[in-house]
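Chains: A, B, C and D, in written order; residue numbering restarts at 1 for each.
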């Protein structure tokens, strides 16, 4: 199938590569001429502008936009809409907010342009392992694009079958789902990332408790100098907490026991925050998911105004002068 | 009434002063000779040792121990027990863990010594405002000591009467209660401090959100440079969040708008932690009270091992290199 | 000053009354004819429509809209805008989202209509105690309306002066502030409510720990049957946790020790949620404020899908069958 | 190696079976005669009392106690100590609190009895998959017992090697570690369970947000009726949140889409609570791990006193009467 990939960063470039490896024809565009040239050298059809990209399609145009969420994606989709005819497809494979998808699908509908949103997980490992995809959009369009999704997905692999599963639709087992109408793909991906933050924070807190068990503030006979790389490793074997994130933890600890190379300042992206917004709208308690996010916020501050206020109150009622510990 | 005060720090010294002001005879002991001498100059009967202190009683001995919780209090109570006769009273007015009270009361019972625990709130303001006291111990002993408690308590003052209150016992309205058997006093005081942490953290987070509303990360037309001293002040007038802690907040902000004099490293004491232990034992959800405690822990670290682990995982699955913000 | 009040519910009606008591002339409108008639009987000038209301002004028109946030407020402001001339003022005294204020002020600016948002705290007690107000809008307009705000505010009252306060502007001490441009008033009020939720939840958790201390799951010698009304009462006297919310708690417990009349299902309003949204946008950790909100969500569910999922996982890895406790 | 297993429940019985399958000689005791007889039929040497059990050893005695933590384990270890000679070994393979291990090891040391604690993960799957073990105790004893641990552990299996791992000790890769002195094994297992609770709650909250996205309280065009079994399934393929717990989630949802068979009342065991106690002692923030525990507490209550108190306060300041939603 002919498909254009717009945005050839880490994700977009590898998506093009995996599609070409599976026999699809990729037209590619990026604002970096060098990046386009590189992909061209690997077999992609280069374009120097969105217009040129559109012109290179032989039939129905399918655009896969793989750009940062927000303005870059928004502007590109607007420009592409002007290059589309009824029946053409615009796919947002980035990390857009799902309400933007709902809006865009409505805006494009009168022009007969189908809008599809694809939440994509897999990171730098996707080229090799395949991409886990959560897709929103019209039933028919998603079916039409199935060869694309099937090529990008990991496939059955050697993962054990789920017990009792007898769904006629085996796409989930091959690594992609049609989650619902426009927005549903990014919504599911958004919650995926919210969960991811919660899982990560659970490991982080647990390992922190392990690492701090040798603190001199504890009674001498209750201190343990624990071997964290070994603990991560052993939990990978038959324990309830085994996971891919634990595998990565074991990887990281194996070569850097005290993780000295990391500053401890942790970024977060929109999905985690939007997950909390969704919990608010649905009135669902999400203590863990929001705590995970707050821990990242806190990691980026040396101290907070709120903490100073606590000290100020303590000074007010007790004459306490805080002494750094 | 004759009463001995052991430990003449900020709290113990003022308790002696308030008792003397109300006509009680205070025998005083502290390991600092100067401190004893100072109180003696204000009318207290000095003693150079616990033995001398005991010897100065003309009748039933009543000891009020006002020392740091843990070893100092434990050792002193053990020593005092050896100086007591049946009918004498030992009061722990410090911040002991309530299970220690339960144990001590049992240990002293065979000797006929009555054990009373008094949780005391009021801080540096107690001398002037009076002390709010939560008392545990035998009914009869607590009744016997009533003149002491009545003198220390704030009394009715000009606080508006509670609607619908018709309890025959007006001690609560005068600022002290007999909460139950040994341990109950410190238990109630402990939960009081747990709540205190939660209240403080609620203000801290709220003012943090106000203070950060002028952040350059926000869209320009959504930034406000808010006047925090004025906000604290106005909330003291007819708003739902008015409280003594808010009064202290207004005090602090009035003279130091950005609280620059505080480092943002906030101490915590045993009561907050024990409150969480109690919640655990009772299976009561205490999200807010534990979050308040964790915020203080976090305030004392520059970064955590857990945060580094998050970065390590992020690097593992996405190749993300964290950039300090 | 002539002022129109639109919406004569609990809040709007009392605002009109307090203004009239202070010599202002109130034009009133409500969709309920009876309510308008009642206020008219107390001295207000009645109107049967917004148009009639506007026509009754002798000079500059000042409208105070006191309606539920969202559609009712939005529609009314749109209608009023059509009745305004340059120099007229529309005040939203309800609980609007502050970003709606920012937008409305921009929309009205070309017509020369001044937009003012007033966050109002005080509830059913405002008529008597006065209203604590947080105001957003143009400097000059807020100054012009000062007689209105001064009349509604509690004034100095007998509240102790804040130490070290020497601000030339004494409005905060009289119970109202000009927080900033349009939206700033509701923003400050929003955070006020966020804090309110946190404070309330801190008390709720603490009293829950007290109430559960008599549970049969605890060792017999560690149980206390605590007198909650007395505890709330005593904490009102000289303790660190004294507050107006604690006063209300003491009121409630005095006449209903076990609060049997309440179902335990607790509502929440937009401000709490928006406060969390603001924390997200500002990257401020707000563990306590969000936990307070989640507790309310949870209070309204018998059980959650998430809880069932926990049981399902437990069954999966351990064969555990959950037994209700 | 000769080893006695005391307690032949789900875990103890399978441990005996796996040991026998690997050529070890198992002496078995349980207070249920039938259970002993059943294991005897599978090749174990039965005993009718601890004394008889001890008498059947031909040389050094090694007891593996697999009983509920607390009194049953404590009493049995005390009884076994009376049957031991210097050089014998008592292993606690249950879920004891690690501070009990530290104490017991000290108590047994004068008698020359070696005490070993083994935290064991694997649940009902252990017989087949092997048990992940975290071991505390004297270096030499743990080395001596290595054939036992090696037989119980999962071994390398087909799990991918951790990158960069070059530890000389490969026990972690075979599924067991010597974590440190007595108590260290159960400490690591305890934190493991704390993490497990956090991970589970992260999934629970995420799936709750997905399940509630079809709520009638949401705007119609923002509702999605999501296929949860498919979502769990697809996340097993190449996504960041893949894990064994997710596999179990997919299993559960495949056959029971709405999990109707579960009441939503979720039990918790000591390890989760002790993990929070440890976090308290170490002053480590553990928002996620404690929130996970609180969610379980809350799941077992229809409503809380705290929630009623919230309603009581709301009634007090606003006249709000809560209406069940």
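Assume a contact is a pair of C-beta atoms (placed from the backbone, for glycine too) under 8 Å apart; a residue touches a chain by one contact, two chains touch by 3 or more.
On a predicted model such as this, the values are computed, not experimentally measured, just so you know.
Trainee: Let me check something: if the centre of a chain is the mean of its CA atoms, which chain is farthest from chain A?
Mentor: When every chain centre is compared against chain A, the largest gap points to B.
Trainee: Determine, among B-D, A-D or A-B, the equivalent of interface C-D; equivalence here requires over half of the contact pairs to be the same by residue number.
Mentor: A-B
Trainee: Report the inter-chain centroid distance for chain B and chain C in whole angstrom, where each centroid is the mean of the CA atoms.
Mentor: Spacing between the chain centres: roughly 31 Å.
Trainee: On a C-alpha centroid basis, what's the spacing between chain A and chain B, in Å?
Mentor: One centre to the other, that is 47 Å.
Trainee: What's the distance between the Cα centroids of chain A and chain C, rounded to whole Å?
Mentor: From the centre of chain A to the centre of chain C is 38 Å.
Trainee: Pull out every residue in chain A that's touching 2 or more other chains.
Mentor: If we look for residues of chain A contacting two or more partner chains, we find 123, 125, 201, 203, 205, 208, 212, 240, 244-245, 251, 281, 283-287, 291, 294-295, 298, 300, 304, 306, 317.
Trainee: Per the contact definition, I'd like the list of chain C residues that touch chain A in the complex.
Mentor: The touching residues are 240, 268, 273, 276-277, 280, 283-287, 290-291, 293-295, 297-298, 300, 304, 306, 317.
Trainee: State the interface residues of chain B toward chain A in the complex, per the touch definition above.
Mentor: 10, 123-125, 200-201, 203-205, 207-208, 211-212, 244-245, 248-249, 251-253, 256, 258-259, 262-267, 287, 291, 295-296, 298-300, 302-320, 322-325
Trainee: Please name which positions on chain A make contact with chain D in the complex.
Mentor: 99, 102, 121-123, 125-126, 129-134, 153-155, 157, 159-160, 162-167, 169, 171-177, 179-181, 183-184, 187-188, 191-199, 201-203, 205-206, 208-210, 212-213, 215, 217-218, 221-222, 224-227, 229-231, 233-247, 250-251, 254-255, 275, 278-279, 281-289, 291-292, 294-295
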